[in-house]
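Labels run A, B, C and D following the written order; every chain starts at residue 1.
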């Protein structure tokens, strides 16, 4: 098992980090699917038991990765297949959205662009819980609407409270059946930045991928089913240095062990709080957030799909 | 009692709306104080009993208005007296901040400039609850720090939840002793826009001043002491039309009754969702929010006052 | 001729302000066209001679108004007919866009929402001048591209320079054949706010509609053909007070002359720098700016129409 | 001479990149000054002749670097010494600001945070050219005001025009005596990001430090004296990989030549458009821009220093 594992939030990249000869890892099942015409690649990592958990450093459960460079594109025609895939896997991981009341929590700091994905997604959601409460079941049926509420709780430095505390309180008060937590992640591969969605039924630890340890957000801690939807928006600087240096040394014929010893000489201190992003990060995070909001909106209401201007 | 009363959220303006000969209103006490050198005028309206409540159309309690055109000024020297006044009255209305755990809720929609005051104030708060939890009483004493947490819950159209539901849940989970709700208000007088702070121990009904009816946020509904801090950022269009028209007709010698009949002919429909603001509203709301944040920060921590760069 | 005329920038509203019995005004021709299915109403005011100029208080030329409440809607299907109409009238007023090099200037202050239309439009333009310079005529033909450049010069309080000085310098240096100046206007009717586009071949005086006097931007001052594209984003407070008061008094049977005497009693000072806007102004100005950018983009390049991701 | 030199825009870092034994470089003079109490370090690199130009890869002239980690701090007391230093060196490089008419150009793209420094600086400038034109010499003398104008011309992808074309036109029309171009730079050392100001009398090539080639902005091209004021806001990803890898290999005893061969194996393609920034880049760029604006304002007007609210 590699030591750099902690630097990615993507189960897929943890799986990829094993040496090539580890074709099989006990307790972990990997399947891939590529829809050529839609330029979407889907990977499913299933961690089945404790051996899998130990090997992967992640809790057992299903991790689905949707990869498409179209995710950051403005063109609406590219977004349809992504929305379709997102709906399909949300349905699967939740055991069906129909009849459920869902709360979407957009984690992260809206003042810090690569961390703002969650709040931005929430900004564009079409929530319905209050409409159904006011206008009743007739509205719900007419528009095939499910109850959706949403919150961007902010980060602890802003609120003085754990996201888990805020969400627990809101869940206690409003009783959703399902919580979807949306968060920005860190990836290892620069090509996956702003081009990948990870869905998992294990929930998430906010900020885990970028070195922070805060309280878990999962079914155990929140008391309701939790699906995490994450998008990598950064690679941390140490990761890119390690990876490029490892590759360069590998090409010169050094062994994995020798490379690890070279990496041991790296000045990690100078890279501590630095992240690698594309220069267009502001625009890309806005675009990908919008794509995800629209895909989520289509899961919870038909009123929205039909382009009706009745949006509140 | 005038019929236009509902269009202001300021108790002071409700009191002013009575005809000049109503020097005294049963159950309502009005006191004014002007600090010439600091260009601050403070007005206190106390509604003592049921007669006062009926006359004023507001619940009994204390309403303190701090007026200063410096509120929207950038210059820091002007802000000190405002911060001092704010602290004094918060201490009074809360029965003392020392030893209390406070939650500040910034109500309103950050995407709608005149409604964004609450979220903007929360953006600049220096919360301490998590620091005290992590570093303990020593830190608290060293910096004369009181526990402060903060949230901008968003508006119902965004979240699908009442602000009261969100706050109730968070209060249940985090147990503050005091809640301060910060919100944008509507005024009747254009000169008070972005130049007035109203503090009251009665709590508020979010959006009440601009025609919406949502659930109350007060000690009864939330279960803890609630102070409302509001700033008028708009005058509604109907109010300015009525007031200017009333004045013009008054100058021509028409009686109050005749004026009311003229007002009855106004096309209210065409003014329904329109508001009057200065053109510099964006900048003014940012500035006044910052002034209020800084004043609030100084109430809850000494670390902050000393310009320490340790802010999280 | 009415005295409130100066408060609207729309030639259409100046024309409407004449009493009903002025069916004809010498030197001014008015024609209307309504496309029911597209919910677009087009009005053309032509000021033919000096009599018309005096009556209207505007220079001779053609003023075309496109009215549609869909202008502020997000739905793209509503935007197509608006784009089509905009292109048609730009072609007419410019004498054909083909083969011309165009500079679009987005006037106004991006920090002041109702004034930010011009800069927002420029933010979303797909400029081509540099691409044609680099890749040559082949590119131009392949994508039916015309040379487009764009600038948001800012306002004098920010730059210390007149917009006319900045534009003159840029025109001198880059030699466009046509300048389109985009600006936010003031309307008299609240229903036209964010729902109307005025095109005119007379150019504009920036800020003229809201009480400022700056230098003209027209063919005479800039030395190239100038088309002004304006959208009313505000009504000034004095206008709405006058209009509603005039109506209410009219319903009570007062004559035009009597109404004017009542209006003479209005406290204009207290309304001086106040404007009436919908509360959703932030979102509406963003949406309408985007609609206009997309319509303009479609006029200057086919690359853009096809949803190609090659945008720089 | 090292091959990675092009990746920094700081003359200081080019000078540092020479091996330790190159104590002296022909035609280049280096002097350092440290004000301990103010935590400011100033370095002056003077390129005197053609040998210096060849060695440094930069045109002859004076390059002054002001380094202070306080540059990104909010506290105003830290900003005074920086403002003082900035004024001193601007006076020196310009040959005196008194009596000169100055135009400040904020280069860069305001939609891309690390590139937005120039536009942000311009947003907060207190321009005076229009005031002096309107109120005359009396105002100028009363407030020790010099004529200042400012423009944020945008980037070529937005405008379709070179910044040099836009500035040439504006200079021709408004005749300033001095142009200060403000731009975001790339550094090699992560510790200098958002903590360094470089001033030079050679002007700049916008974007030169990050791989783009656009037209020069200097006395020769613009026809007036040009001072460039730059702040590094990013390190490019390839630079950090090279530098950390070089260090790690150096510690293992590899020679400079061997290290260069290892670097030759790096996958530069995968790092092409990636940049390394602190996660707090949004806030830091805003803060440093504000600090610079305030420092520049103090150079051109006394009205501003006195906290007068007369700012337009």
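We adopt the following convention: contacts are C-beta pairs under 8 Å (C-beta built on N, C-alpha and C of every residue); 3 or more make two chains touch, one makes a residue touch a chain.
Treat the numbers as computed from the prediction; the structure is a model and nothing was measured.
Both chain A and chain B derive from one sequence, and where they touch, over half of the residue numbers involved are common to the two copies.
Note that among the pairs A-D, A-B or B-C, A-B reproduces the C-D interface, with over half of its contact pairs the same by residue number. We define each chain's centre as the mean of its Cα atoms; on that basis chain B and chain D are separated by 44 Å. Centre to centre, using the average C-alpha position, chain A and chain B are separated by 39 Å.
Averaging Cα coordinates per chain places chain A and chain D 38 Å apart.
Along chain A, residues 111 each make contact with two or more other chains. Contact residues of chain B toward chain C in the complex are 111-115, 190-191, 210, 234-235, 237, 240-241, 244-245, 247-249, 251-252, 262-263, 265-267, 270-271, 273-283. The part of chain B that touches chain A in the complex is made up of residues 111, 122-123, 125, 127-131, 147-154, 156-162, 165-166, 168-174, 312.
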